[in-house]
Amino acid sequence: MTCVVTLTTDFGSGSGYVAELKGRLLHAKSPFTLVDISHDVPPHDIRAAAWLVGQSCPAFPAGTLHIVVVDPGVGTDRGLVWARLGTPEAHQEFLCPDNGVLTLALERPLIAARRLDIPSDAAATFHGRDVLAAVAVRLLDGLKPETLGEPLDHLTRLHWPSHLETPTGIQGEVIHIDAFGNLVTNLPASFLPRLAATGRLRVGPHEITTVVRTYGEAAPGTAVALVGSQGFIEAAVVEGRADERLSARIGTPVAIHAPA
Amino acid sequence: MTCVVTLTTDFGSGSGYVAELKGRLLHAKSPFTLVDISHDVPPHDIRAAAWLVGQSCPAFPAGTLHIVVVDPGVGTDRGLVWARLGTPEAHQEFLCPDNGVLTLALERPLIAARRLDIPSDAAATFHGRDVLAAVAVRLLDGLKPETLGEPLDHLTRLHWPSHLETPTGIQGEVIHIDAFGNLVTNLPASFLPRLAATGRLRVGPHEITTVVRTYGEAAPGTAVALVGSQGFIEAAVVEGRADERLSARIGTPVAIHAPA
Amino acid sequence: MTCVVTLTTDFGSGSGYVAELKGRLLHAKSPFTLVDISHDVPPHDIRAAAWLVGQSCPAFPAGTLHIVVVDPGVGTDRGLVWARLGTPEAHQEFLCPDNGVLTLALERPLIAARRLDIPSDAAATFHGRDVLAAVAVRLLDGLKPETLGEPLDHLTRLHWPSHLETPTGIQGEVIHIDAFGNLVTNLPASFLPRLAATGRLRVGPHEITTVVRTYGEAAPGTAVALVGSQGFIEAAVVEGRADERLSARIGTPVAIHAPA
């Protein structure tokens, strides 16, 4: 089975930095399939990268190697790591800075991790190319990860906002906005019965009063609440943009109120 | 020969939804080459997708599987289909919603089509991942399309504007604007002799009076009319943007007037 | 070893023209790995393409074939070329218009070049598809480049701004702005000792007085000067955009003044 290697960076689509990464990776003697996840993570936005990696990487075949380069601390003493997460039969591997980009991915068990050594001739501003891609080539060509550097027992995690249950309802916030303008919240899909019972989702100062199973169940332009494909409750505007209509951003509070 | 699989969506470049699609597809045991056509189709724009698919897909090798997910009706009772178009020796295969995205591709003969069954556990908002990618994996691994679901004799087509010949000339409209701002019309290349005879193309209220064989035949900044690479008459501004200069959009009327 | 083919164009990401190029290339019988370098070169910007190609292509394995289609003169009498650059053991191959896109790549020796014949049925506005991709397929399938067309001894080069040493210091300019807004200058990394001695880099009317080894060595928001990963002195704003803060663009003058 051919290995899969994915790339997630904030270098910008079409950046020569991405091309350099790919060029270096393709020096591996073993064949592999290279997949771009995104090069348009907002610059330096570790939190956005953590969401994207947490959402996307579990869909890939076991053994996929994910290279994540969103690294505002490049060249400082923040570590670079190799990590294996999941279960032995369904694990994913990562090469990335130890700066929190794996926060959501770490909801799966950490099987093993190593701190990478930084060669003295690595450019201080481009460890993605001179450390991560170089290590990836060696791993693709058979290097055992156990030889990589000192073992690590835990990795850096960002504080991640969790939802809150109170006597008057459930409170959360917008944690992701997709390209359609849909608002993904941190209210898990398991709250659907309570959403359905109250029939309303509050998003900032706005009240959504149409709960649907999918977007097309309401007329274009309607603000709706539903369970999205990521396992969380979402707010959307049918064939429109909920972020604009509801003036919402990452962090905007959302709530399901207790039925009266 | 390795199969080719293409992806066309409105998910946005760098979207985690695209990554999920790719991750699922890569579970196929058979090797294949994965090609992104576009993830930047304007959201919910079936017409734009139909143009892109009609333009691009015939260039691929026979047997290529094109997955198209521009699907504002996801989860409603609109169908999902597998279709084979073309000739037995030069056919293309498609997995997509039956909502008109194949309108231009259907200028080639429909060899066979099947309506896909929707598994009960598919997320109502992401059939691309839970139905189309899953079926693609099974097709790549050898499933016969004939086993997929009930056969269909015809597929949904959008109304597509055609040109009109009148005593005073030929009327059409802008059907596509490319990234250079060039205006592709629905006037076929076969009208070139008439364009050359009149020496002018009307675009909205503007009159273009320079007819060329290629952009570089006129000075930068000149508005020109020519036969473009897609087999239609185009309006362009040399090293500039015709859409801005001529205030044109999809649907702007164009005309070749009869020679006086 | 599987051949690698890269694509660099100004067609726009998601353009159907890119898809047509890829579809044609995939008719090669020999397997190859297809890599997008960029489709977002600013339209008609040969200089930007020359930078990107010069920066990116040397990272790829020997024998990689780079197809570059930034070609405002398509269909005119500008030539189309095949070229091999580098050393026999570490060469890169190119298919592109002979319009200067190889200016920086040509800092490596030109081993061989051929002027391509243009088939009479090639669309005058899309030689990338009808000439370059067609030749690429034949090369991938074993055609000897020596049979391609008349040999060329030299290729077109753009005038490229070089730095200047004067009694009062070293003068250069901004030659590239990356997606982070970092300003890459044409002052080679070898001037670092002089930069460190003066402790300041002038960018337009602004004076940067913090010289660092990497971005994270100064507080967010600080304007810094450093040696970047491309081997040139850069100006950056830590976790910000130097282009906006310093109102800089391609061509903005930069200088290291002689120590007082």
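Residue numbering begins at 1 within each chain, and the chains themselves are lettered A, B and C in the order written.
Just so we're on the same page, a contact is a pair of C-beta atoms (placed from the backbone, for glycine too) under 8 Å apart; a residue touches a chain by one contact, two chains touch by 3 or more.
This is a predicted model, so every value here is computed, not measured.
Peer 1: Linking chains that touch, what shape results: line, ring, star, complete or other?
Peer 2: Graph shape here is complete: every pair of chains touches.
Peer 1: Counting residue numbers used by both copies over all numbers at the interface, does the chain A-chain B contact come out same (over half shared) or different (under half)?
Peer 2: different
Peer 1: Quick one: how far do you have to rotate chain B to sit on chain C, C-alpha fit, nearest 5 degrees?
Peer 2: Answer in degrees: 120, to the nearest 5.
Peer 1: Which whole number of Å gives the spacing of the CA centres of chain A and chain B?
Peer 2: Those two chain centres are 31 Å apart.
Peer 1: In chain C, which residues are in touch with two or more of the other chains?
Peer 2: Those would be 13.
Peer 1: Going by the contact rule at the top, pick out the chain B residues touching chain A in the complex.
Peer 2: 10-17, 19-20, 22-24, 26-27, 29, 31, 34, 43-44, 72-76, 78, 123-126, 129-130
Peer 1: Give the list of chain A residues in touch with chain B in this complex.
Peer 2: These residues of chain A touch chain B: 1-2, 4, 6, 13, 33, 35-41, 51-52, 55-61, 64, 178-180, 213-217, 226-229, 234, 239.
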